[in-house]
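You will see two complexes here that share chain A, one where it goes with chain B and one where it goes with chain C.
The block that comes next holds the complex of A and B.
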């Protein structure tokens, strides 16, 4: 085939090779040596991260006749996913050793899901995007039910797989309707067909609604969020962190490219739908979060609320809003990783994930309590932390796109969310500890937490470099800064 | 057979599957209902390809991918259901309720 440059898929191929290397090493190693697998995975991922940045920098091309796009957008997200993967792998090390069996499969499957996420961000065609999404989802189903003899993990797995398969069916039916309406599945061909279309095409609107519902399940947007709290609570904790951060970032990368490159010409037919979904999602997430007693469930509802803010950026869909959305994803990812790594560090020591168990943490481990407080302040959106900066960008971009009412709802919601984040901080700093023994953390945890705290502060205080990278990525999906919104 | 008949057939199959997912309480039957929905997708894809897009095989290729992935999905879901059955002795989705709200 002319014009096919397989070399452009090297990052994905290398991560796949790394996954097989981990499987193979697991087979050859004796049991005590398997602790090394985490370092093999992490070192491999860091190597691939550097390679990807150097090798794909500044490329702007398509592969297989437009099925894959190798541009700044997919480069940005590939690098983003690799960083997330390194953090998840490192934070899993102690947890996997203590609570799970078969570390080889755990890290191998985690790496496969990274391949799926990288392909999702690069996909320029509906079916390719679907296959990549399933690669990610299948890996997550297995990881969620990874504690095989733990009834809660089983329950998380069965709920996740049944609702996930159901959402895939909705997504596919939507894809088939869109194919029927425009006769194409490549994003650019869809946009081309839509530009030539007059009036409202009911087949297309139902198709877009079903695609939105299917992907809404994957990101846990209300009313498709029922699985999220149960899966978050039941899944092993590093997997929960991974589902909360990785799968959402990947799904939004896909949504953003699909809507910007494919559905943008029909924006009047779906904007209100997405905006309503966003308003419903953030309000429900925040209100239900107020009553939670388990830290994983609290974070599940908090992440549902954040998905609402993110959908707002999709409803606005301008280059500015898309920059805001991607910046929000960065802030969301680094903050959520921080709060989850804190929870994992605590769980590794105490084996508890109730919020009441955190009481008096400030006296027992000032460092852990401080890191957790920084993460919660950032989630609530207080200044100097990542959460404030990214909210500021996203909310003002939404308001500029003519969705002032939506930005207003979002700001009200941010204020509500402050309450339940502060309740956790009160538990740590004001309530007395039930057993005032000091809590010591192993050095890799301390190092990881320090890096993440610095990351939260960096994005919060000096977001310029990140914004520059994101603007380059945005230009790749908005050719010529099209679609100026009223 | 016309395009409308094809659309009605696939729509009916999808609706039956949707009803099955919402009404069935046995996890295996829920999975079967999901397979019905996926088959409705295949009918749609092949039908649209045959009626609207003859000469190209895009729809048929998509259907082959969907069939393959559906098979993998069924295998994975059954494995997880089997695990739940070993540990809990039930696959009724109403009784799998350790976690709520």
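The block that comes next holds the complex of A and C.
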């Protein structure tokens, strides 16, 4: 193809190469040496992160006739995914050594999923997006069932793959209906067709609905969420963290670009529905979270609730809301990383993931309890933590878009969520420990947790640099702020 | 000058650093606190040099933005802020050095230094903040630190009670302050101090809102600066370790109220009614504190009432439009009063006794402490040419100019009382024969005496800063108000005030040293006055009565309502129904794959149908 600059795919190619290198090294290395794989993966990812920023900074172009977009939006998310990957890889190290065999395959598959995520954020066409999504999903199916000797992990994998296939079918059917209705799969062509369309096209409406259902499954929006708690509980802990953070951020990157570049002209036809889904999702997630006793299931429902807040940003679709949504993704990611890494650190030591096992943690490890409390405060949205700032931006953008009632529901929901987050804090700080032995953490965990705590505080206190980067990303999908919201 | 943010930041980092990894370091990492504040003091000089070269500056970063409303973490540096930065970092540094020896045997040694650091960070932030919201956050944080440090010996019931009293009393003012800040925000849409001042000066704020807002903000200032009727917490706050009293309850935190009024001075000036209130409250507080300091028998409590009285002087000066005089008095008072408290700490360190009736003649055992205390007392009494003389003089001139003869007469009375109670407490503690039970008294270690001596030297000399010493420096007041009049003595006023100071000191000497006049005889002559004073004007009694008969009675009704209506029906009812619905909802997650798939299918169909209905309708 003339005029195609394949070099622009270097980041994705490099991550793929890194994955193969990790596979190969795993074969060639002796067992004790394999502990090095985590450092190879992490160092490689950091290198690719730097390369991506330097190489793709400020580019604004498309590949393969608009199938891939290389712009600030995809750059922002690529960098975002790479950071998530580094944290997940580092937090996995001890867990993989203790509980899993074949570290090489674990890290390799993780890297493949990163490629899938990066392609999702760059995709400008439905089928490409679908293939990228499946690359991510298949990697996650394997990772979820990676603890092969654990029945729960196997159950999680089976449930995930079967329901995932089901939802993929819905998604594909939706894509085909959309193609049937407008004769295009590129987002921009869809938008063009929608603008020229008179009246309502039932085929298109059902198509959008099915796409929404399919992607709703990936982000675990109610009523497509029921897999989430089981998979979260069964999957190895770092994989749970990865599913909770990485896959959701990627799915929202895709949703955001698809709705902003593709479905925006039909906004009046889907806005209320997305808003209703948002309200339903956050309310269900928070109410069910109240009754959980397992930290992983609690976090599963908590993340469902957060998906509800995020969908709000989609319903309010505007440059302001898109900025709010992306900022929320950042705050959500860094906070959830923190809370999951805390849970992983605890699990590595104690082998328990019940909330009651956390009792008296403040006395046993003040640092771990403090870090966890910071994460929970942030999830609840208290000031000075990331959660407050990102909620502030997202909720005010929602209110500005005329969805004041939805913002009201979201605030009520935040209030409810404070209860179950505080219950965990009460467990750590007020209830006495069953065995009051001090709990020591290995230094890489302490370092990782410290960085994440600082990250949570940074986004909470000084979000400006992140907001600037996000505004640049928003401009890429809203050329000239094309959408004038009512 | 951008470095200024480092000054609070270093102490802010020291707080978690001492509490978390500090436990692995020698002495619990407590040494990080003096190191951080020393760093702050060094940076202060850099900031000062920059400031002298370039003048006022402000910068900040945005926290939240929504439309026109912008919340920021910003700092603003003007002469006032620079002066406060210097005082706070310097005094805090000396007091932390002193504390190193004074607190050496405390089990919670590192906790003490950690909270000290947090306090320094909060206080310095308060000084630098460029908007009222940021300032309010720091304001509450210093209150919290004060609470923690007053209650440092929380095993002692009186200390725990005092901490609670201080917190609750100042909170009452703080609530008013928050309402005031929000009122101003509603009127102007900004928290930024410079913008608010500009709007106030140009009439951009409606008169009623401005008056109400400034009055409420003054309530917060009065609470923090222990002004009548909020003064009751300060004497009780003496339950804390003495270095804490020196730093927080003499030199820094209690002047935060004065500072706040000074920071917003032009806005206060635009509300003359509020200025009159400030002056009146200052005058009442000043006389109240001075008279009570005369009858207290606990060394620290005498100093506490003296602090209340001097804070009243400062407020009075502010209310008389004398910004320079007030701040100069604050500056001078910070050094002398901190030093007096440190000397009191030295006394209790050497004797385990603070009741002045049981002390006496300590100069024979603790010469350095006695020297420091005497110097500080003379300085505060306003004997020329010590520092208090200059500041008192500016203050009197400001009161005369701003409020006239009646206020001046009362202020002179206060100055006279100041000299009297200072001579009383000094003579009773350090002079006369040594009491037998104090034979074993001993001088404090160098680590404690050193900071006291440094402060004593300053208490002697800083007064001269009032004068235009070198060309280009128009005197202290001139730095604060460049357009104001340069400093000059009013000869008759100087003479009068000096005579009064000398008279006060002499009277004290006659009563308490020579015994020419018997204090007991005076007391016997005026039993009513005696009773009123010793009951501290019944303010505490009235408050206690009000709490018992009004607050608690009302509280019981509210509690009943709260328990039955709000809690059982509202909160627990709502909570129970929320949990119950959660329970009911969670049943839908059955664990069966087929149910999940059905859920997805039904959901997808529902979404499609709803969307189709919505679009065709």
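By definition in this document, the second predicted complex is superposed on the first by the 486 of 486 C-alpha atoms of A that agree within 3 Å, B and C clash if a C-alpha of one lies under 4 Å from a C-alpha of the other, contacts with A are read in each partner's own complex, and residues count from 1 in each chain.
FYI, a contact is a pair of C-beta atoms (placed from the backbone, for glycine too) under 8 Å apart; a residue touches a chain by one contact, two chains touch by 3 or more.
Given the structure is predicted, the values throughout are model-derived calculations rather than measurements.
Participant: A:166 in the overlay: touching chain B, chain C, both, or neither? Say first, second, both or neither.
Facilitator: Both partners, chain B and chain C.
Participant: Quick one: name whichever of chain B and chain C touches more residues of chain A.
Facilitator: C
Participant: Would you sort A:180 into first (chain B), second (chain C), both or neither based on which partner it touches?
Facilitator: In the superposition, A:180 contacts chain B only.
Participant: Touch test for A:461: chain B only (first), chain C only (second), both, or neither?
Facilitator: Second partner only.
Participant: According to the stated criteria, A:230 is in contact with first (chain B), second (chain C), both, or neither; which is it?
Facilitator: both
Participant: After lining up the shared chain so the two structures overlap, which partner does A:127 touch, if you call chain B first and chain C second: first, second, both or neither?
Facilitator: After superposition on chain A, A:127 lies in contact with chain B alone.
Participant: Looking at A:289, would you say it contacts chain B, chain C, both, or neither? Reply first, second, both or neither.
Facilitator: Only chain C is touched by A:289; chain B is not.
Participant: Kindly classify A:360 by the partners it touches after superposition: chain B alone (first), chain C alone (second), both, or neither?
Facilitator: Neither: A:360 stays clear of chain B and chain C.
Participant: With the two complexes superposed on chain A, say which partner A:273 touches: chain B (first), chain C (second), both, or neither.
Facilitator: In the superposition, A:273 contacts chain C only.
Participant: Can you list the residues of chain A that touch chain B in one structure and chain C in the other?
Facilitator: 158-159, 162, 166, 170, 229-230, 288, 291
Participant: Using the touch definition up top, name the residues of chain C that touch chain A in the complex.
Facilitator: 19-20, 61-67, 73, 575, 578-579, 581-583, 585-586, 588-589, 591, 593, 595-597, 599-604, 606-608, 610-612, 614-616
Participant: Flag every residue of chain B that touches chain A in the complex, lowest number first.
Facilitator: Interface residues on the chain B side: 7, 10, 14, 17, 21, 27, 30-31, 34, 37-38, 40-41, 44-45, 48, 52-53, 58-59, 62, 65-66, 69, 72-73, 76-77, 80-81, 83-84, 87-88, 93, 96-99, 101.
Participant: Note which residues of chain A are touching chain B in the complex, please.
Facilitator: Contact set of chain A toward chain B: 127, 130-131, 134, 138, 141-142, 145, 148-149, 151-152, 154-159, 161-162, 165-166, 168-170, 172-173, 175-177, 179-180, 183, 185, 229-230, 233-234, 288, 291.
Participant: Looking at the complex, which residues from chain A come into contact with chain C?
Facilitator: Against chain C, chain A makes touches at 158-159, 162-163, 166-167, 170, 200, 202, 205-206, 208-210, 212-213, 216-217, 222-224, 226-227, 229-230, 269-270, 272-273, 276-277, 284, 287-291, 366-367, 370, 389, 392-393, 396, 400, 416, 419, 461-464, 467.
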